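Each of the next two complexes has chain A plus one other chain: chain B in the first, chain C in the second.
Let's look at the complex of A and B:
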């Protein structure tokens, strides 16, 4: 199966975007994002905290629908999924 | 009624939405929270569009390091209150409208009075705690909340319509960490101008608002994206969670 990971803004700078991965059946959403993010230490640290949990401000979308990051550890990805990960910005 | 002078001044936009649209702008009052990077372009474009009354609030003094982006203020304004500088520029841009510039910090205690009878709130703040306050007051008063935020070359914007769209706390339940954010002036230029466009569209009833949609601008890649937004049924501000403990950083 193929899943596309799209990172935005600062996450894109660190990790690139439109990354196509071929996870095995039953791969959890959180594990997939972590695995891809691990290719860049700063990228991983921007998205995950020291305990490996999503940082609380990170927005996660699956096929344009919001996924609570707390639930991403129990959701499995399916073929054709498009996962978007982005950080809200705060400046004005 | 529009004066002859007004019909001439706004001639090129009356072509878009007619005298009726222009009169709607003239009879409207918009509240702009912040006279910085986003507040500058938003206020300038709303002033020149002929929004009849603009209230802009800021508690800061113009600093040299503001000038790369806060285009309401110029080199000779360094050290002046931003409200003093803002009101002078906006009056020069359009002497036919009412400008109120209030030098204060927006708090949970004063926000309702500050917003008053305004027809909409433009979010030109640089922090989420005050954004959450503005969001809550917009919901209470049932007026639109035009959200914008930026960092570096990146920006985001959405238009929040009470009871119709997700509120700011549905979309961003947790604030990103505080920081001295990097920024190039053109980025708040893009986002503040989108906010002003949304206000004009809302007031003149034109087009499709950015309602229930989050616009994401990536100036570095020169791409924009849009994310469909959904209400959080358990939202502590607009959903069933109202009245429960607010998220961290959210001021009641």
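Let's look at the complex of A and C:
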């Protein structure tokens, strides 16, 4: 299966965006984000704390719908998913 | 009504004319502008599909709550110079209290929930503008 990861703002600068990955069946959303983020130490540290948990301000979306970071460890990704990871919005 | 995330600037005069629907007694324009905070330029990016959907949702809520007749929201992205337009909100209503209140509601909601980010570019590099609303905000 294929899943697209989209990082925005500072996370995009550190990790890139529109990253297509091919996780195995049953991969958890949190594990997938962590695996991709680990390619850059600063990128990982921007999103995850020292215990490997999502930092409090990180916002996650799956197929354009908000997912609580606390639940990302129990949600499995499926083929065609678009996962977005971003810091607090700052438009206007 | 227009809800867009785009690089191009906007013809504000044309938007104001289009906002004059039957029954309009007031049009309020909000124009957010790149301020000269000792920066060279500002760079904006958006999760465009989600941003536009969220703008529409905010506009629908504002129309109901403040009896607005028309709403346009255009948020620009890309590199903008000091003095350029960032965000245009045009609302019309029968009376000025609703037009002012509706416009104010829309900008405050945009700041809470529309996925757009700004980076201030300076001679020494750049800095991301911190979001005012962290985890647990009313986003989406």
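Observations on the structure shown:
Just so we're on the same page, the second predicted complex is superposed on the first by the 88 of 92 C-alpha atoms of A that agree within 3 Å, B and C clash if a C-alpha of one lies under 4 Å from a C-alpha of the other, contacts with A are read in each partner's own complex, and residues count from 1 in each chain.
Here is the rule we use: contacts are C-beta pairs under 8 Å (C-beta built on N, C-alpha and C of every residue); 3 or more make two chains touch, one makes a residue touch a chain.
Since we're looking at a predicted model, the values are computed, not measured.
Shared-chain residue A:88: touches chain B and chain C both.
Shared-chain residue A:8: touches chain B and chain C both. Comparing which residues of chain A touch chain B with which touch chain C, the overlap comprises 8-10, 12, 56-57, 59, 61, 64-66, 84, 86-92. Listed in rising order, the residues of chain A touching chain B in the complex are 8-10, 12-13, 17, 56-57, 59, 61, 64-66, 84, 86-92.
Of all residues in chain B, only 34, 36-39, 123-128, 148-152, 154-156, 172, 174-179, 181, 183, 188, 216, 218, 220-221, 225, 227-230 touch chain A in the complex they form. By the touch criterion stated above, chain A contacts chain C in their complex at residues 6, 8-10, 12, 56-59, 61, 64-66, 69, 84, 86-92.
Only residues 32, 44-47, 49-51, 53, 75, 86-87, 107, 110-119, 128-135, 137, 139-140 of chain C touch chain A when the two sit together in their complex.
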